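Down below are the structures I want you to see.
After this come two complexes, each holding chain A, first together with chain B and then together with chain C.
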Partner chain A sequence: MSLVVSPSMVQRWTRLSRRAAAAVVIVLLGLAVLPGVLGAGAIDRLAALFVYVIMAAMWNALAGYGGLVSVGQQMFFGLGAYFTVRLAETGLDPFVAMGMASLLVAVVSYPLSLVMLRLKGGEFAIGMWVVSALTHLMVNLDGLIQGETGRSLISLNAYAPGARRDIIYWLALVAMTGLLGGLFALLRNRTGASIQAIRDNEEAAGSLGIDVTRTKRLIFVLAAFGIGVAGALWLASATTFQPKTYFSVQWTAYMIFMVLVGGIGRFEGAILGAVIFFLIETWFGALGVWYLIGLGVVALLFSLFMPLGLWGAIETRFGVSLMPVGYRLEIPPQSRKD
Partner chain B sequence: MSVDSGDGAGASRFSGSGITKRFGALAVLESVDFSMGMDEAVGIVGPNGAGKTTLLATLSGAYQPSAGAVTFGGHDVTRLPAAARCRLGLVRTHQVPKPFSGMTTFENVYVAAAHGDVRSRDEAYERAIDALNLCGMLAVANRQAETLGLLDRKRLELARALATGPKVILLDEIGGGLTDSEAQELVQTIQELRRRGIGIVWIEHIVHVLLQVVERLICMDAGRIIADGEPQAVMSDPEVVRAYLGGSTQ
Partner chain C sequence: MTNQIVQGILLGGYYALIACGLSFMFSVMRIINLAHGSLAVAAAYLIFVLSERAQLPLWACFIVAVAVMAVAGWLIQRLILDRSARGGQLLPILSTFGLSMVIENALFEQFGADTRSLASAIGDLSWDSWELPGGLYVGKLPVLIFVTAVVLLAGLQLMLSYTRIGRAIRATAEDPDTAGLVGIDARRVNAVAAAITLVTVTIAGMFLGMRATFEPYSGAPQLLFAFEASVIGGAGSLWGTLAGGIILGLAQTCGASLHPLGFLIAGHGVFLIILFARLMFPDLASMPARLIRRGAAA
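Let's look at the complex of A and B:
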């Protein structure tokens, strides 16, 4: 059969996803003006939601798209906060320090990637945890932090409490938009397809000309950077840095929860998972241990009965994709000449 | 055999010389010499375990040889990884298919096309669609690769390799288990590749299918090339007959 080949046969955006994109823009604009409308408590909570969305999206990028399952991502969360405290101590404006600290996390993650990406599967996952624990210990040794005594981001006091809250909210909103927008663009271009190919079969990816090492490094550093941003933002709203709260594996557990419940390897899944986690925390967070047990049970139920997560189930059931990173081939009948 | 066609540097040849491959104490290839013109079509036969797949893997860069050198179109590629060899135009398919299961058929082929020598995304699209069309896979273009049966997985290996825009393609048993009419379709596809000037190395057990495409046959046994030349002559070579009677033919 001969065929008149045209690149227009490849579809990426659909009418539904274009509408979804417009809706996203409207929602983001709406969120931007909320500090003038909502009270202090609600603004703080929403800023936390944005941080959760960032963390879920980054873990999803690493594990869901890149196949690099890590249980040590709290390392970058802790380092983002730690570097911020450290840099602010030099007299830098705290918000500038946050930005520079995040970049520093990315810089540090690069040499780390050279070592860690030699490990595969479970070794990588656990290896990341080990390195995270070591990093935690090294931060403990810093005379400024003094073990678990910790340190506050005192220079934030230069800002009035109201202004400070609004700035943190906007920074979190901008960071979320920028990081997810950047990730979306990356996943939609050639690199995104390579990342998934490597996840599915590294040897085949290499044999087709994909630079496996470089691509994995890219996604590793990107995820480290994003989670570093999340750590810096968390510190800004909490103001005190205590190593064990930031280097706790619970952060990675939350990321895994959000991604599994929302739908691993689906762009919408991580966002949905973050919203669900946020709601559960808002309603049940006060229950302490029972809340954590509840989270565990929910994650277990999802992995047993809805392994593709909520968004995976919706996508399979209704065939919808709001934020498509894939490709569809549609051959119009008139282009076939038999 | 393997007479250099005039241009001394071997710029139009693909060769492996003294290729030895050991896995621990086990020598799977023993000083194999192989050479072909970049647009030649060569078949490889030999009993199971002869080292055919290992030879392909070593030539394509999946394995480093324990000794010996590989040159491709005038480049010494012995130390280059498979990805770099692919970008020079040397690509292989896998005997046991290795699909990107979480991606669609089209995406599998597109990602290969996008890493070839294309200048734009549209060109990569065109190349991917063309490869799918040539391999008869348009109907399953939007299926997740994990849902494909063995036959389509083998076709996908071919389509993906083709989409990289190769100069020479190494095929490892892509025709096993085909019905007669499916085998004929495959022969037509490979003949089309030849028309496009792509060099072919094809490992296949079904000799009569192979002979419709290749003008030269190599027979391997126990890590060595035991015969190389005109197909009929190779098949009637006493050593080849002995290898087949001695080993398992299928």
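Let's look at the complex of A and C:
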């Protein structure tokens, strides 16, 4: 009997994940042609779903991969919308303004990361909340916004309502695909290995020579940018900017819910969580305050009894990974016999 | 100007009161409880209901509320914090955030959006004041709050230093496993510490209701103020919390005289400036604590 029949293999893609990738492409192509098929209401709702997926993925990148739980991400959501309004006032096309506003959010988040990333755990969480509250107040001071009076994205009127809805839908779809694709690529390259090492053990990662701060800063800025995009998209479909709606901690509550339920630190988890949140909102959103109590209870229960979320449970139970960001060891059956 | 300084210092007493529980829980369990503010508001509602609907005298309401909240603290520790703390550093943040969401919205469901106040239960006290030389007026209620804060902080300090449970709490905070070796049940100690925390939260919630109005979602700002005061004072230090509260109170009162939004802006601003300064110059971090220690030694 030979000692080694065939060597074990390190794999990324399995047959299942290859099929999943093909399915993703088909689904995205299908989604792209939907505006010709579905009615206005459904298109608006789907655009909202894309925004939720973006927010969940970005919060997951920050908390699940960077180990940074923030309760202040509504700041970037609000700033994305605010900068869009501000830039559109200068006569810029509203959709161009949205893109530039998102970039501006990323620029602003960089110096912020220098300070905030020195905080740890709960201090970072509430520290971000304080900065968000302060940002909200500063936006209130802007003469254009006039406290809580707000301002509309008037220049959107240049587009006919139907065309506007389709453009927003496609922009949301492209933004979601781009951000998720970017995150996926990032997690699979060398930086991704560092990010996941930091998630698992920050000190150990540091001792291996990983620049922990630089890596965290990258995630912080990426998450800020992504949530800024989400804020700009939300503004485009809602058209009115009112500071307290956009800077509400509710947004972070939703992000936490989606990621906790879907699976923190799991790429697929955030997407699953966003879809679940979207369905719950569609079915139970009309219940008002009971709906919010329910969200809180579910988030609490998941954090206590299923901290890896639904996708974490699926992954552990069945060993599947649709979007492989890690490696897996495949041991051929015959070598097990030896 | 003198007036603002006096009012700011007195306001700081309230912040120290709301911050000491947050700081205490952090120093014992290393958990920042995001439901801290909502729990204070819940305590205020409890006292409100007992006093308005059950028509109990205020002291009786207070005693009942303290008992109820202490039991709630015990349960929160046993059912939520204990379990989530085992899952790492991040989970307690998420579970306490979920808890605060439940508390806030449950309060909203029960009481609606109306703002409430305990002012009617304390009659004259809510506006009575003493006149100091120089035409300065200080409200009796703010002075009472400040004195309560000092007494409470001193009481906590004495409890930690001299009682059996205080020693057990300090030992558990230092190293729960080693404390276990000498027969200290860390779970029980933490539950007691959580109960004590919620007693302080109840006192803070009561004064919140007396000095201002509250509504179901008032918890978030209270949490932020508590957090700011405890971080400014150096997290984990009880007397530092008083200093932090006073600095926050002073900043807010001065800010308020400049602009309607200045109250909040100056408060958050001072917090961030101090945080920033401390991160840039780490030596400053232990400054307040060192100064106090030197003061105590002299």
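The working rule: the second predicted complex is superposed on the first by the 319 of 338 C-alpha atoms of A that agree within 3 Å, B and C clash if a C-alpha of one lies under 4 Å from a C-alpha of the other, contacts with A are read in each partner's own complex, and residues count from 1 in each chain.
The rule is simple: a residue touches a chain if its C-beta (ideal position, glycine included) is under 8 Å from a C-beta of that chain, and two chains touch if they have at least 3 such contacts.
A quick note: this is a predicted structure, and the numbers were derived from the prediction, not measured.
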Task = Scan A:L134 for contacts with chain B and chain C and give back first, second, both or neither.
result = second
Request  = Considering only the touch criterion stated at the top, classify A:P35 as touching first (chain B), second (chain C), both, or neither.
outcome  = neither
Query = Taking the superposition as given, does A:P243 touch the first partner, chain B, the second, chain C, both, or neither?
reply = neither
Request  = Based on the superposed arrangement, let me know which partner A:G269 touches: chain B (first), chain C (second), both, or neither?
outcome  = neither
Chain B versus chain C as contact partner of A:D200, first or second or both or neither = first
Chain A residues touched by each partner, larger count belonging to chain B or chain C = C
Message = So in the superposed three-chain picture, is A:A253 touching just chain B, just chain C, both, or none of them (first/second/both/neither)?
response = second
Ask   = For chain A, what residues appear in both contact lists, the one with chain B and the one with chain C?
value = none
Key: Of chain A, residues touching chain B in the complex   = 1, 3, 5-7, 9-10, 190, 193-194, 196-197, 199-201, 203-212, 265, 326-329, 331
Chain A-facing residues of chain B, complex = 60-62, 81-83, 86-87, 91-92, 94, 98-104, 106-108, 110-112, 114-116, 121-126, 129-130, 132-133, 138, 141-142, 145, 160-161, 164
Task = Name, in rising order, each residue of chain A that touches chain C in their complex.
result = 63, 67, 69, 71, 115, 118-119, 121-123, 125-127, 129-131, 133-134, 137-138, 140-141, 249, 253, 256, 260, 264, 289-290, 292-293, 295-297, 299-300, 303-304, 307
Ask   = Given the complex with chain A, which residues does chain C contribute to the contact?
value = 26, 31-32, 34, 80, 83-84, 87, 89-95, 97-102, 105-106, 108-109, 220, 223-224, 227-228, 231, 235, 261, 264-265, 268-269, 271-272, 275-276, 279
